[in-house]
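Okay, so chain A shows up in both of these, paired with chain B first and chain C after.
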Partner chain A sequence: MSNDALPPLLILLSSLLPGLIIFFLPEKSVRLRTALNLCGALFKVAVVIVVLQGVYAGLEYSASVPFLPGNDLVLRIDSLALLFVTLSAGLWLVMTVYAVSYLEDSPNRSRFFGFYSLCVSATVGIAMAGDLLTLFVFYELLTIATYPLVVHNGTPEARRAGTVYLAFTIGGGVLLLAGTVWVQTLAVSTNFLEVAGVLEGLGQEHETALRLIFALMVGGFGVKAAVVPLHQWLPRAMVAPAPVSALLHAVAVVKAGAFGIIRVVYDVYGVELSHALGLSDALAVLATATILYGSFQALRQDDLKLRLAYSTVSQVSYILLGIALYSPLASIGGLSHLVHQGLMKITLFLCAGNLGQTLGIHKVSEMNGAGARMPWTMAAFSVAALGMIGLPPFAGFISKWYLGSGAVQSGAGWALVVLLISSLLNAAYFLPILSRVWFRKQTGPWPEEKSFGRFETKAGLLFPPVTTAIATVAVGLFAGTPVSPLSWIRDVVAVEYRL
Partner chain B sequence: MSTPAFAAALVPALVWIPLSLGALSFVLGRAASPWLVLPGLLATAGVVPALLPLAAPGGIAAYHLGGWMPPLGIAWRLDGLSAIMLAITAIVSAGVGIFASSMMNRMDRQSEWFWPLLLLLIAGLNALFLTRDLFNAYVTLEIVSLAAVALVTITGTSAPIVAGMRYLLAALAGSLSYLLAVALLYARYGTLDFDLLATVMQDDPIGMLALALATAGLFIKSALFPLHVWLPPAHGSAPAPVSAMLSALVVKAGFYLLLRLWFEVFAALDSLAAARVLIGLCGAGAVVWGSMLALCQQRLKPLLAYSTVAQLGYLLLLFPLAEVVSAWQGTLILVCAHGTAKAAMFLAAGIILRAYGHDRIIAIGGAARGVPLTTFALGLAGVSLIGLPPSGGFAAKWLLLVAAFESGRWWWSFVPLGGGLLAAGYVFIILARAFEAPSADTGDFAQVPRVAELAALALALVSFMLGFAGNAVAIGLDSAIAEMTRS
Partner chain C sequence: MTTAAWLLPAVLLPAVLGLGLFWPRLRGGIVRVLPFSSWPLLAAAVLAFGSPPTDLPWLMLGVRVGVDPPALMLIAAGTLIWTVAGLYIVRHFQAPWFLGAALATQAGSLGALVTFDPIGFYFFFSLMTVASYGLVVAGRSRRSHDAGRLYLGLALVGEMLILAGFLIGSTAPEARSLTAALLVAGFGAKLGLPAFHIALPVAYRAAPYVGGALLSSVLVNAAIFGVLRFLPPDGGGPGASGAMALIILGLLMAFGGAMLGIVQRDARALLGYSTASQMGIALSAIGIGAGHAGGIAATAPAVALFAAHHGLVKAALFLGLGALPLRQDWRLGFLLVLSLSLAAAPLTGGALAKLWVESAADHLPAHWAGAVHWLLPLTSTATALLMVRFLGLVMRLPATRMEPGGRVADLLGLGLAAVVLPWAAFTLAGGNQQLTVLTPAHLWLGVWPLLLALLIALPSRLGMKAAAPPPPPASPGLPVAELARRPALGSARRHQWATGVTASADLLSMALLHMIVTEGKMRSFPRFGVLFLGLAAACGAALLL
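Presenting the complex of A and B:
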C-alpha cells in the first residue's frame, strides 16, 4: 500500500477502532475509555494537520477498499473533503472533552461513546468519499450510528423521537439509493473526484432522468440537511443529551446532508449543468423557504434548545442558498457557512447544555440574569449569537457578506432581501435572550443549581464552548489571512467554477 | 494424489459424515451427544474450504455414485452455485450446533432426538446441493422435509405439534406435485439427469406441465408467496435452533432446486418470459405481505418468521432479471446474508426467551443491559436484513437494483427499495425496545451461556461482513452463471 493511501485510512480508523473497542469495555473502566477517546481525537487532528500541509503542497491522497463486484469503496481527499474533515476532526476533539464531563456518572456510557465514535467515523467517511456509492455507504452508517444516541435516554419520549428520526432518515436513504443506482447506470464513472460533473455530457434525451435523479438525491440528502418539509425530525431529536445535539447540529448530521448536496451540485452535476437544467433555481427556492420558515419558528419557541434547533434549520439552508446561486462569491459564502455555522452552533448548544447541567435552565424565560452567575458561558453564547445574526467581526458576518455579494453578482436581488429578512429575524430571536441574560435581574432561584468548585461550572464543560467561541471570533477577524478557512474555500470554489 | 483430485474425493464426505454421525448418535443416544456430534459438524464445515477451489471457473468436480454413469447412474457435481449453498449450510449449521450444544446440555428428551435429526437434515441438504438427478433431488428433498417436520415438533408441546402437522401436510402436497413432474419427464424422456434432460428437452405442453407442477411443489416447500401459510406457525413455534435451520437453509433448498430447473433443465423452453414475470410478481407480493404481517406481530419469533416470508420474495426477483449477471450475484449473496442474519436472529430470540422467559416485543426493554452481546447480534443481523450498508444484505440489494436498472426494467427496483423501508420498520420495532430502560414487566432475568450468545453474534457478524464478500461470490458464480445465462 502506498503512502498516499495511508492518511485517509488513518483518519477513518482513528475514531472507528477506538469506537469498536469502547463497545466492549466494561462500564466502570472510565479512564481507559476516556484515554481511548482522547487519543483517537488527538491522533485524528494530528493526521489532519499533516494532510493539510500535504494538500497545500499539492499532494493527493486516495485509498480504495474492495467492496462490491465492480464497485470499490473509494476514499479520496480533495480540498472540499479536507474542509469538512478538518471541521469535524477539530470539533470532535472539543466535543469529546465536553461529552466526557457531561455524561459523568450517567448509565450506558460505553454504548454512548462507542456510537459517538462511529458517528464521527461515518462523518469523515462522507467527507472523504470519492464516489457516490462510498458516499451513500457512509451516509447510511451515520444514520445507524446516530439512532442509538438520539434514543440514549431510554425514555418513551426518546423512543418516539428516535422513531421519527429513523422514519425520515431511512426514507431519505431509500431515495438516495435509487438516485445513486440510477447515476451508476447512466454515467461512465461515479468517481466524481476523477471526473468532475460525472453527468455532464449526457445528451438531451436524458434531461428528464437528470431532473428526477436530482430530486431523488436532494430529497435524500435534504432529510439530514433539515430542508423544509423534511426537517421535522430535528426539533424532536432535542430530547437527546446536549453533546448529541451538538453532534446533530454542528459536527455530523445536518452537515452531512448539506455536504451531500454540495457534492451533488458541484461534482455529480457540475455547476454549469445544474444551472442549465434549472436545478439550482429549484434548490434556491427550497433553501429560501427553509431559511424563512426556520427563523419564524425559532421566534415562537420558549424552550432554548428548540429555538436553537429551528435556528439550525434556517442556518443550514444558507449553505444551500450559497451553492444554488450561480455565482462564485455566493459559493464562497455558502461553503464558509459550513464551517462558521458549525463553530457558532456548537458553541450555542454547549452553552445551552451548561445552563441545563449547572442551573437546570431549559427555557428562555428562565434565563434572566444568567450572565452574572455564569459570565464565561454566557459570554461565549453571546459571541456565537451575535455571529449568527451576522454582526462583524464574527464568523457569521463573513458568510453573510459573501452570500450578499454573490446575490448581487448573480443578479438575484430577491436573495438579498431574503438575507436581510432572515438577519432581522435572527436578531429578533437572539437579542431578547442576550438582553435577558445581561440586563435583567435574576427573578427567582435557579431551577436546579449545582456548584462545581473553582469555576462557574465543571472545567470540562466550560473550556469547550469558550474555545469554539474564540475560534468564532478568530475566523472572522483573520478571515483575510492565508490560514483562514475562507482562503481555503476561495481555492475550492476556484476549482469548482474552473476559474 | 493431486490436490484437486483429493478435493473431489472429499465431495461425498459432505454427505457421508453427517449421515453416519447422525446414525451413530441415534444408536448411542444420550451418551453421544453433543460431544460426538459437534466435532463432526465442524469437520463437515472444515471440508467446505477445501472444496472451494473446485468452484472456481473450470474447476467443476463431478462424482458418479457407484461408478455408474448417467442415464443409468446418478451424478453429483460441485459447481459455483453448489459451493455457495454448501458453504452457507456449513456455516449456519456450525453456529446452530454450537448454540444448541451449550443450551441443551441438560440431558433431556429433546437432545436425544435433536442431534440425529439435525445431522440427517444437514446430510439431506448437502446431497440436494450436489445432485444432478431429478429423482435423487426428490429423495433428498423428502429427507430434508421429514427431518424438518420432526425437528419442529421435538419439544412435544401442543403449538409446535399443530404447526408441525400442518407443515407435514403442506410438504407432502408439495412432494406429490414435484413427483408428478418427475414421472411425466421420465415417461417422456427416459432420463432424469439434469444435463441429459437439458439437451433433449422439447418446448411442448408436457414440458410446461412438468415445470408448472415442479414449481408449484417447490413453492410450497420453500414457503414462497402465496403458498407460504404453513411457515409462520412452524418457524414461530419451533425451538430456536430449529427455527434458525429452517429459515436459514431449509426454505432455500427448494429455491435452489427451482434455479436448477428453470435455468438448466428447462432452459430450452422459450415461452417462459411471461411466467418469469409472474414469479417476480409473487416475489413482490411476498415482500409486501410478509413485511406487513411482520409489522403486526406481538412476539419476536413470529415476527422473524414473517420476515422470512418477506425476504424470500427478493429471491424471486431473479426470475425476471436473470439475464443480468449482477442479479445472480445479488440473489446468491442474499441467500447467504439472509441465512446467516435470520439464523442469528432466531438464536438471539432463543437467548432472550431463556433469559426473560418470554419473547413479547413490548416487554423486552432493557435487553441491551441483560444480554448485551445478543442485542448487538440482533442489531447487526437486523442491519443486514434491512439492507443497510456495508452489510451483506446491502450488497445483495445494490446488485439487484443495478440489475433492475441495467436491464431497463427499473420498476422491479421498487421491490428492494420499498422492502427495505418495511424491513426497517419491523427490525426497529425490536431494536427500539432493546434501547429502552428496563420496565417492570420485563420479567426476571436468568443467566444464559456465554457460548450461545457468541454463536449468535458470530453468525450476525458473518452476515454483516458478507458485504465485502461480493467479489468472492462473483468469482465463484462465474462458471455457474455463464452456463445458466447462456440460454
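Presenting the complex of A and C:
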C-alpha cells in the first residue's frame, strides 16, 4: 500500500476505531471514553489539514480495500470529497465536546458514543467514496448507525420516530441499490472521475433507462436529503437529544443525502448529460417545492426544534437547487451552502439544546427575554438565524448571492423569485424568535432553570455553538480570501464545468 | 493603508461598541462614548474625500469604500443627528438591547454611505434595517410590537427587491430598466413609496421620539443615497422614459403624502406622511438628474443636500415635538422656523436645496422643464399647508407629554445646523455659480408658494380645526391582527396556524384598514380633497402637454 493510500484510511479509522473500542468500555469509565472521542476527533482534524495541504499542492489520495469479487471498496479524495470531509471532521470535533457535556450523568453513554463515532465514520466514507458501490455501502452503514441514536431516549415516541426513520431510509436504500446495480450493468466503470460522468457517452437508446435510474437514485438519496414528500422522518426524529439533531441536520445524514445527489449529477451523469436529458430541470422543480413547503411548515411550529427541522427541509434543497440550475454560479452557491448551512444549522441546534438544558425551554413561545439570561447562546443563535435568512456578512448571504446570480445567469428568473420568497419566509419564522429573545420582557419564571456557576450554562455547552457562530461570521466576512470555503468551491466548480 | 481604508474601522466602531455591551463591565464606558462614536467616521471621511475609492477584495465578495461629495454631505448631517440623538439616548435609555440596536443602526446608516459596491452597501443597509426594529419596539407594548412587525415586514420586502435589483444588475447588466424598477421599489420601502408608505406613520407613532427622529432622517437618507449610487443610467439621456416615470412618481408621492398627512390627528403620524412627501420630491429630483445629459451624477450633490437638510429638520422636529424642555411659545417658534425651512421659505437651507435641484430641470425637454418649474414650487405650498396643520396639532398637545432628558442646547444646535449648514455645503461643493439665490426674482420664487399656502390655510382654519371624532385606532390594522391572534378561533393547532400567517395577513389587513380609515378622515376635510384632486389633475395635465 502506497503512502497515498494512508490518509483516506486514517480519516476513516480515526472515528471507526475509537467507536468500536467505546462499545466495550464500561459505563463508568467517563475519562477514557472522552479521551478516546476527543483524540479521534483531533487526530481526524490533523489528518484533514495535512490532506488539505497535499491536495492544494496537487497530490492525489486513494485507497482500495477488497470487498466483492471484482468490486473493491474505493476511497478517493478529490476536492469535492475533501470539502465534505473537512466539514464533517471540523463539526465532529465541536459536537464531541458538546455531546460530552450534554450527556453528562445520562444512561447508556457507551452505546451512544459508539454509534456516534460509527455515524461519523460512515459520513466520511460517503464523502471519500470513489465509486458508486462504495458510496452505497457507506450510505447504508449510515442508516444503521443512526437508528440507535434516534431512539436513544427509549421513550415510545422515540421508538416510533425510529421506526419511521428506518422505514423511509431502508426504502430509500432499496431504490438506491436498484439504481446502483442498473448503472453497473450500463457503465464500463463506476469510478467517479473529476472530468466526466460515468454514464456520459451512452447512446440515445438508453435515454429511458437513464431517466429511470436518475429517479431511482434521487429517490434513494432524496430520503436522507429530506426532499418533499420523503422528508417526513426528519421532523419526527426531533425527539432525539440535541447532539443527535445537530448530527442529523448539519453533519451527517441530510448532508449525506445532498452529497449523494451532487455525486449523481456531477459524477454519475455529468453536468452536461443531466442538463441535456432535462433531469436537472426535474430536480430543480423538486427542490423548489421542498424549499417553499419546508418554509411554510416551519412558520407553523411553536416547538423550537420542529421549526428548525422544517427549516432544514427547506435549506438543504437550496443545495439541490444550486446544482440543478445549469450555471456555474448557482453551483458555487449550492455547494457553498453545503458548508454554510452545516455551520449555521449546527449552531441553531446546539443553542436550542442549551435552552432546553439550562432553562427547560423547548418552545418558541417560552423564549421571551431569554437574551438577557443567556446572552452568548442567544447571540450565537441570532448570528445563525440571520445567516439562514441570508443577511450579510454571514455565511448564508454568500450562498444566496451565488444562487441568485446563478438563477439570473441561467435565465431562471423564477428561481430568483423563489429564493427571495423563501428568504422572506425564513425571516418570518426566525425574526419573531429574535424579537422575543432580545426585545420582549420575560413573561414568567423559566420552566426549569439550572445554574452552572461562572457562565450562563455549562462551559462545554456554551463554547461549541459560540465557536460555530464565529465560524459562520468568518466564512462570510472573509469569503474573498483564498482560504475560505468559497474559494475552494470555486475550484471544484471550475473542474465540473470544465471552465 | 490608503486613506480610504481607514473608513472601514471608523464605520465599524459603533458596531464594535455594540458588541462590547455584552460585557457588563464595559457598559459604563461605552455609554460615555456612545454619542461621539460617529465622529471618527466623519474625520476619516474628510481625510478620504477626494482620494479614489479603495478595493477590499478579501471582505465578503469584494467591497469598495470611498467618499464622494454626496456621501460627505450625508455623513456630516448623519454625524450631527447621531450625536444629538446619542446624547439624548444615553440620558433616556439604559437597556443594553436598546443601546445595541441604536449602535448597530448607526453603523449601518453611516456605513452604507461610504460603500461603492452593491455587496458592501447591502451589508450596511440590511444591518440598519434589522437593527432599527429595536428603535421601533422600544416601548415594548403590544402596540409597538405590532408596529414593529409591520415596519420590519415591509422593510424586508423592500430589502428583497433591492437584492433582486443588485443580483440582476451585476449578473445581467443589460436589463437596466428591470434593475432600476426593482431598486426604486426596494428603496421605496424606506422612502414611503405608495403601498409601502403605510409603515411610516405607524412606525413613527409607536417609536419613541428619538426613534422617529432617526427613522425619518438617517434611515431614509441611506435609502436615497442607495438610489443615487446604484440606479443604472437610463441610457436615453434627456427625455428618457425611466427618468420621466421617476419624476411623475416622485411628484405623486410629494402631493399625495401631503394630502394624507393633512388629515392626520397625530403629529407624529403627520410627520410620517411628510417624510413620504419630501422623499417624493427627492425622487423626482433624481428623475430630473436621470433625464440630464450628464446623468444622475450631475445632480447627485443637490439631491444629497436636499436629503441632508430634510434629515436635519426632521430629526429636530421630532425631538422638538417630544423632548424640548422649553416654554410652549418658544417651542412653537423653534418648530415654526424648522417648518419654514422644510417648506423652502426664502433664505433658509431648504430653499437653497430646492433651488439647486430645480436648476437642473433646465436641461430637460422644454415642456417637461416648464412643468417641473411650476410643480416643484407647488410642492412647497403642499409642504407649507402640511406644516401649518402640524403646528396646529402641536398647539393642542399638552406640554406634560414631554419626554424628560432633552437638552435645549443640543436641539437648538441641530435646528440651527439644519437652516445654516446647506449654505456651507453649497459653498464648499462649489454649487452652481449661476444660481443667484439672493436676487429679488429668486426671493419671489420662494415667497409665492408660501403666500398661496397662507391664502388657502387661513380661511379654512386648517391648523385649528378641532378633532371632533374619536381618535383612530393606534394602528389601523390592530383589530384584524387581534382577531387572527385570538385562540378562541379554534383548536390550538389552528392557533398555531394563525400565529404563523399573521405576519402576512397583518400586512394586508393593515393596508386595507389604513385606506378605509384615511378615507374616512378625508371626508372631514372636503375642501382639501377637492383642492388636491385639482392639483393632481393640473399636475397630470401639465406633464401631458
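Worth pointing out:
One rule holds in what follows: the second predicted complex is superposed on the first by the 497 of 499 C-alpha atoms of A that agree within 3 Å, B and C clash if a C-alpha of one lies under 4 Å from a C-alpha of the other, contacts with A are read in each partner's own complex, and residues count from 1 in each chain.
Convention: a residue touches a chain if its C-beta (ideal position, glycine included) is under 8 Å from a C-beta of that chain, and two chains touch if they have at least 3 such contacts.
None of these values were measured; they are calculated from a predicted model.
When the shared chain is aligned, no partner comes close enough to touch A:Thr377: not chain B, not chain C.
After overlaying the two complexes on the shared chain, residue contacts for A:Ser280 are found with neither chain B nor chain C.
In the superposition on chain A, A:Val181 makes contact with chain B only, while chain C stays out of contact range. Applying the stated contact rule after C-alpha superposition, one finds that A:Gln341 touches neither chain B nor chain C.
When the shared chain is aligned, chain C comes close enough to touch A:Leu424, but chain B does not.
Judged by the touch definition given at the top, the superposed model places A:Phe478 against chain C, while chain B stays out of reach.
Touch criterion met: A:Arg300 reaches chain C, while chain B stays clear of it.
Comparing the two interfaces of chain A, the one with chain B and the one with chain C have no residue in common.
Residue ranges on chain A touching chain B, taken from their complex, read 23, 65-71, 73, 108, 111, 133, 136-137, 140-141, 143-144, 147-148, 151-152, 154-156, 159, 162-163, 166, 170-171, 173-174, 177-178, 181-182, 184-185. Residues of chain A touching chain C in their complex: 299-302, 329, 371-372, 375-376, 379, 386, 391-393, 397-398, 401, 404-405, 407-409, 416, 420, 423-424, 427-429, 431-432, 435, 438-441, 476-481. Listed in rising order, the residues of chain C touching chain A in the complex are 22, 56-62, 97, 119, 122-123, 126-127, 130, 133-134, 137, 140, 145, 148-149, 152-153, 156-157, 160, 163-164, 167-168, 170-172, 496-497, 499-501, 503-504. The residues of chain B lying in touch with chain A in their complex are 326, 329, 368-369, 376, 383, 386, 388-390, 394-395, 397-399, 401-402, 405-406, 410, 413, 417-418, 420-421, 424, 428, 432, 435-437, 467-468, 470-471, 473-474.
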